[in-house]
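Both complexes below contain subunit A, partnered by subunit B and then by subunit C.
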Partner chain A sequence: MSARILRAEGLAVETWRDARRGGEPVPLVRDATLELRAGEVLALVGASGSGKSLACAALLDVLPPGTRRRAGRILLDGAPAEPASLRGRAVACVLQAPRTAFNPLRTIGDHAGETLAAAGLRGRAGRASMERALAAVGLGGDPHLPELYPFQMSGGMLQRAMIALALLTRAPFLIADEPTTDLDLVAQAGILDLLAGLVRERGMGLLIVTHDLGVVARLADRVAVMEEGRVVETNDAASLFAHPAHPATRALLAAHHALYEVPR
Partner chain B sequence: MTPAGFSPRSRSVAVAGALAAGFALLALVGPFIVPHDPLAVDLAQRFEAPNLVHLLGTDHLGRDILSRLIAGARTTLGSVLVVLALVLALGVSVGGLAGMLGGRIDAALMRLCDVFLTVPTFVLALFMIGALGTGLVNVVAAIVLSHWAWYARIVRGLVLESKARDYVLAARIAGAPARAIFAEHVLPGIVPPLAALATLDIGHMALHVAGLSFLGLGVQPPTPEWGVMINDARAFFWTRPLLVVWPGLAIALAVLAFNRLGDALRDRLDPTLVAGRGL
Partner chain C sequence: MTALLTARGLGKAYPGAGWGRAAPRTVLTGIDLSLMDGECVALIGRSGSGKSTLSRLLLGLEAPDDGAVLFRGAPLAGLDRDGRKAFRAAVQMVLQDPLSAVNPRHAVGRILAEPLRHLTDLAGPARAARVGELLAMVGLDPALAGRLPGQLSGGQVQRVGLARALATRPALVILDEAVSNLDAPRQVDILDRLAGLRRRHGTAFLLITHDVRLARRFADRVVVLSEGRIVDEAPCRPGLALSHPAARELIDAVLPASPGVPG
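Presenting the complex of A and B:
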């Protein structure tokens, strides 16, 4: 049943509060087309404010208040799909800040129960699949982990737990919006390895939003570059690093080299 | 941090808590522990000063004042409890719906609230009593109708605030239905501030019940109720001022106790303070 290709075509997002008061709506994402294939990592890169996160939010129809999707459609294996129907079924998400993405008043087990209920799985079968998911993200060692509250866990553990929740949905596609930005370097490496492993072993399609080209080089098969709400270049990772075509891509690469490369 | 019981602040909270608990207990078991029948008229013993048989004396019909005060706690605080339950039920459902659904439904519900917010409690009570007659039920209805909109607005605000949290977004993306998100992520966060607010309002609403009854609009004599008792004693104020003092003291103490308790709860549970602690 697993879908193989998730395609967002011509996504456009704009502000709309101002429009109602007579102002011009400001386009935030213009005509973004992304194609995510199972078993493949697509990196979405671009400067801050280039519309990466909004494009992902539009994909699932979870845009923040004051913005709306103006155009675009979602295709799942070529068939049009409602964005809201993808949530928890075809697409799962890993958010940037693990600390705030968990309800402080509820345990990890409670969160898992909620995800499982949305997926229609309860009772012993749910418990078993939660244990499998936690083991898959490297949290299988502690049998009491589901009873922990978010404040009792480190950021890296929480991010692993969030990936475990994403696995519970059995969604074939995973969107990770800057999943390592809030973590220290060791935890970052661990999370990236984990994500790469999931793609390899389970054949998931991973859309990773990042502005870290180091992450891209390590993980991505293909790269889409966004600038001012447009996808300006899409290429496989090796070609993009070797022959950046668009000025925005070159600027990103230049900035990366300036920051991270030891001058010779 | 000062150990509990030593700072004047926490001592006043402890006293208020004890008083409030005492009043609640009286309301609960009052009818079973009254020393005399609060309705028993004995004209031979009218206007007795406080003595060992009638600890607080008797009123103009020879009824035991202490018994009437204890029985009145149930009438006054019991009706406040009913008012609060109805106000909270209405406020949480309307405010919750408005906050969760947003858009036109939100706008329509909030305009409905505005309509109710424009009508003062006493005016609405007078109208209802004029149309439906006097009685405790009408007083309760009037207080509920004039107060639920405040709660609806506050609940809506709290819902909007928690809806902006990342974990609500995460739950939405996980495919959780809005009902489950409200019950599991939004409601637990708004219960503490609502509890504080409701406690603060107990005194305020007790004043409404007693005040409307004092005016003869609510509870009718001879039912023991603090406002009714003050009204009964009004005629004898110059000769027997204690008759007014006892129920007045009961109202004042109850209002003070519940206000102090609500203040303390609010200080402890204010959502902004919780956020400030880095949750």
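Presenting the complex of A and C:
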């Protein structure tokens, strides 16, 4: 039975200033709690630099050098879990810039082989599983696709391939950090439709990090808003758009709605 | 009235890639486009539709295979040294990735003074004053002139790029996806500043984007590029009426403003 609830409680991340003098800590994420449920899309929004990506990195224990997790724990269905043991098993990841996330010297098939080996699937079963995953993300039409190198594919195709790799892990939760920021809007719409379908059909829990409230409006069931490292508001998407409570949420919504206005 | 910048029958192809003699890939075909003084035009299209190639041709950074670009009626290819200098001062550009568009070892003040040194007759002290003025114009603290790009946020560096483009008081600024990667508050802030500049100085803008929302909010007229050709064109007001399938595809991809409301 796969897990139903992934909860990050009281996450705190800090960096430090001037290591020579003992390193005065600078908090980057403060006491952030996020709860992701299977079959649901949670959007994490906030202005650039509000700590969205760092909170996710802390959840996965992949913090960049120069930062460290100071507090917080991860619970899987209520039981404490080590982040490192969740990665690729309970939680899969889709990153922002697909072009830099792939090894340029390896084909898509090689990438899939690596993920399959980690999941313990080899040979014919592995190939069948790869074909199913590629078909699920809309890349099933071309039998030669696994032979392609990343530079032979468009950004949208690469992002689909990355989602296919995430599906290969059969993890019940998916974290997508700005998955469509580098794509044009038409490719973006395709990827968002794909993610919505995966949540609906497979009951995955999706945590999507974005600065675009249009993405939230399209996809999210619940929204958590971050400002200066804190989660300042969490609500279901419709209520948040209708009645934003926190000033940070109101500022984001005001700018978002301004984008749709035509002056004069 | 002579147009500020005109593309007449532009065509461009790049040699085929790979070891074999692959056929050249045609990127632009028969592009006709005129930009008037003070006009604000949005060029929209999907990735790979030829938007950035067109902007490079308009800036004279590359030469077209067919057709010509005319600056105030004179073909770019025929400009003499002074003509080229005047063209470069009059037509400036802001790129998408701000950090790769500035020298990371130069302080902001030096980055902004560079076009002033090459393209204007301003003396040293006047240049320094203009640098402060430019920073204030894009909403940055003039004290930032001493900082390096790496010490600023992405949004601040993008505004430095914008200030540099405005340094020579250009007649036209080409913005190649210059606001696409910013978050909504910063996009709105920069677009509003540009609209202010346009009102005060009559600067013309060519906004290159795949986001119909930005085009609709900022431009007078939208031109749609698809597979290297201009396929549709319409004024933004009163309502943007585009009918070509490539344009509809871009409009339909606009995300909803609120949950449950179609975009």
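Just so we're on the same page, the second predicted complex is superposed on the first by the 254 of 264 C-alpha atoms of A that agree within 3 Å, B and C clash if a C-alpha of one lies under 4 Å from a C-alpha of the other, contacts with A are read in each partner's own complex, and residues count from 1 in each chain.
Everything below uses one rule, namely that a contact is a pair of C-beta atoms (placed from the backbone, for glycine too) under 8 Å apart; a residue touches a chain by one contact, two chains touch by 3 or more.
Every value quoted in this text rests on a predicted model; they were computed, and no experiment measured them.
Once the two complexes are overlaid on the shared chain, A:Leu259 sits against subunit C while remaining clear of subunit B.
Of the two partners subunit B and subunit C, it is C that touches the larger number of subunit A residues.
In the superposition on chain A, A:Ala117 makes contact with subunit B only, while subunit C stays out of contact range. When the two structures are aligned on the shared chain, A:Phe241 is found in touch with subunit C, with no touch to subunit B. In the superposition on chain A, A:Leu213 makes contact with subunit C only, while subunit B stays out of contact range. Look at A:Ser154: by the touch rule set out above, it reaches subunit C but stays clear of subunit B. For subunit A in complex with subunit C, the residues that touch the partner chain are 47-49, 154-155, 181, 183-189, 192, 211-218, 220, 237-238, 241-242, 251-252, 255-264.
By the touch criterion given at the top, residues 46-48, 153-155, 181-188, 195, 210-214, 216-217, 236-237, 249-250, 252-261, 263 of subunit C touch subunit A in their complex.
Against subunit B, in their complex, subunit A makes its touches with residues 60, 62, 65, 87-89, 91-93, 95, 97, 100-106, 110, 114-115, 117-119, 162, 165, 169. Within the complex formed with subunit A, the residues of subunit B that make contact are 164-167, 169-177, 180, 184-185, 188-189, 279.
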